[in-house]
């Protein structure tokens, strides 16, 4: 019988590989993700993969974001914000220790925040900390942070991976030998393939159900598909082969969830370069692109369409997807009005992610329909950063901006969109100063509308968070308010 | 005395495959059943049918049309990269032979050996990263590896020819080295070069497929077999034809030109023929 | 012999220095900044500059070149910008996958290719010969990455016999480690076996034509004995050459196969390093590969002497 023979052969050849028929070890889990973190210190790099492995597992911040996107207490048990919104007083949890046994105190918080805001800081999200004026530690369990000006998103920023609390003693070596306060510590790292975390004794939150977790890094979509189907992975985040989802959904052993991320995927346009400096041309391009077709062709329709630079998962989202309906005739008319009746040529520089590479072909074809001849140029990420992002040497590019609530990048001077709008800069200042939710969300709405009206970029969709897991594994995050895979949430049925 | 075709089955089969491919590629330039780059998302991922003989891909593009145009692209990359390598390598090899034993000759041949031994994939990947992906740059990267192959061949052939009487006579008559090379040496090694070119061509097709598979060769939306394979990987279980046909096209082309090269070698190189019989 | 060695060593040094210079200049021209890659699109220019300073990237190029080459001479390959660990450690870890992979593939290719080639040569133009040649042509024509994908489909997804990819590490036990190498080894070995079969076949046929073989046959030596004593040794010369060339190919040329099977080998490290602009790793790898190539060429020359007494006398 083929099956019996296969088991026999597997036992003979592979000797010890878990066959799917064997009972699941309920204290272990194998999680597969696309990219490998090169370091394990979220304060030393921007890569999403660092956060996927470490956030809430190895390292913890004062506060955290839960699976619904809400700010929840972590190392800070509670906090108070002064009436003028300038002083934040955190009451710290007691009985917390770092993995090396050092007790966690307010001095660690002061050290971590000051390190992040220092002139030689290598923190990728320094903006979180720049509003800080001073940090006081009245006692070991209290931290008082005073801000220079009101910063509505300060607490939210403290929940990011970039704001984790480290110990001065071990901070320098965290990249390779991370020491945090979290429930897990690094066990072993086979660089290029996998790393494993083990639960620590005496974590303040108790004993998690999963004692040992292995993160495997599989870049190739075909290999991902093979790994989940063969049972090598218990769960797979950010599955790259969306077109195989129907097959996986039909598999009773697996659960498939398609959630939202904060990754606004856009066709960025160089607003400072002819002919894209003409609003009519940018609007024509917006009308010429059918975002539903791009969504379907590039990621099998798993993305959520957007009409501005804002995630539908955020409160304050305004649906502007109807602002520029797909209308090639109107696009042509707008181009003619702008004096480009016979079209023109543009280059589209495309970074490596699959969604970008695939979208590029569809976008090029759609723009071709209205007379814009697009030549696609695939570039590696370092070259994209250098040529497109830093030197603004591009016409069009496709990229996903994955940081949550990053609409403020449009207010940055000299950002690569070359969008220079004082009105938008003023609006963002108002957002920062708006401390009550209602007015802040209204201002966010205005900002979204302004970007759509100015047709700064073509807004396509937010990337999905596609998770495929074994049916008996519970607790995987469906959405990604920020990139994370907290192991304490997981359990086998 | 007629040529006994049946004694050379490889040559015949290889030649037939090569000719058929060229015909398909040529046809692809003027006519394809569908526009190979036009999107038709409603028709995506269809299986083989009377309308789309080999089905459609994830953007609804017709596989037959893409294979036809892809044949042209593959042959173009193969042809140009081999031609570049052939011209540069032959010139280099003949030149080195004319200075046989000199330090220059030694340096050229050592560099040759090194490039030949250095992993081709690695250098091609590095080169394409430096000068950017695309068909033209893939041609250049593949040509770099053809240069030493032809240089080595041309050098040894030239050395043999140079010692023959008619070359000595020509030199005595006062002909320049360049004229000797063109008038006497090149014609005498043309056969060997053609054979090698055919085999290098097959290798170039494989190399282009590999580079395109890594996303470094022919750029979208232009169809390329290697790229089609890459795009098809995730559909292997549900739409296997997407990966089967480009893979088969690559294999068939390489097979055809290898057979052709082997067959030609038998005709040109009597030593090899002796070994075969 | 000593002067020969000295010349080879001098040649080795010149080759490596030239390679180092070329790759350094090439990576200087290639746009990109490892610090910018690490810090992403939200970091301020000042933050990026601070990281560049930490990496020593703000030093002038000639100084960086001298420091790097100086380090190489003392065996210090530097520290990876991305992983923040010594490059030597990274390469060492990857060699644990790449070397066994390359050795096993070469071994398998030899075990399959050489006997097949001799089998074919022992009766040229027979059905057996034709069968071997068909195998060889097929092996040459099928792209190895395509074969790899098919193997995964059949043996990992279809039959569940073997893992689909990845490498658990040698300390996960010999069984799982070897199991994860079986399919990539087959995919890598197939074209090599085809090449070897062809080379062995034609080399054997040529050797069979040589006068001393005919003499031996005429003297009444049996076919098997002739094959072993006279033909095999002579036929081995081109086979050994081919093995040498192929081995350096395997070390680096398995990039695509490593990608298909998600194996953490040297080729993928190279790809990854280029993708992250971890240029110190790229530079080191190229020099290491170049050194490997030169050393293997040297070893092949020595192997010639061993299998072919005529060459030994000449040397």
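Chains: A, B and C, in written order; residue numbering restarts at 1 for each.
Rule of thumb we're sticking to: a contact is a pair of C-beta atoms (placed from the backbone, for glycine too) under 8 Å apart; a residue touches a chain by one contact, two chains touch by 3 or more.
Computed from a prediction, not measured in an experiment: that's the story for all the values here.
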Relative to chain A, chain with the most remote C-alpha centre: B
Chain occupying the middle, per Cα centroid: C
Best-connected chain pair, where connection means C-beta pairs in contact: A-C
Mean-CA-position distance for chain B and chain A (Å): 44
Euclidean distance of C-alpha centroids - chain B vs chain C, Å: 23
Cα-centroid distance, chain A relative to chain C, in whole angstrom: 38
Of all residues in chain A, the ones touching two or more other chains: 220, 222, 352, 380
Contacts with two or more other chains, residues of chain C listed in rising order: 30, 149, 153, 157, 259, 274
Of all residues in chain B, the ones touching two or more other chains: 129, 233, 236-237
Chain C residues within the chain B interface of the complex: 11, 15, 23, 26, 29-30, 124-125, 137-138, 140-143, 145-146, 149, 153, 157, 202, 205-206, 209, 245, 248-249, 251-253, 255-256, 259, 267, 270-271, 274, 282, 286, 289-290, 293-294, 296-297
Residues of chain B touching chain A in the complex: 37-39, 41, 44-45, 58-59, 129, 132-134, 215, 219-221, 233-238
Residues of chain B that touch chain C when the two form their complex: 110, 113-114, 116-122, 125-126, 129-130, 202, 206, 209-210, 213-214, 229, 233, 236-237, 243, 247, 250-252, 254-255, 258-259, 271-272, 274-277
For the chain A and chain C complex, residues of the former touching the latter: 2, 6, 9-10, 13-17, 19-20, 38-39, 44-47, 119-127, 175-176, 188, 190-194, 216-220, 222-223, 226-227, 229-232, 352, 380-383, 385-387, 389-390, 401, 403, 406, 409
Interfacial residue positions of chain A with respect to chain B in the complex: 220-222, 225, 240-241, 243-244, 246-247, 293, 296-297, 352, 357-358, 360-362, 364-366, 376-380
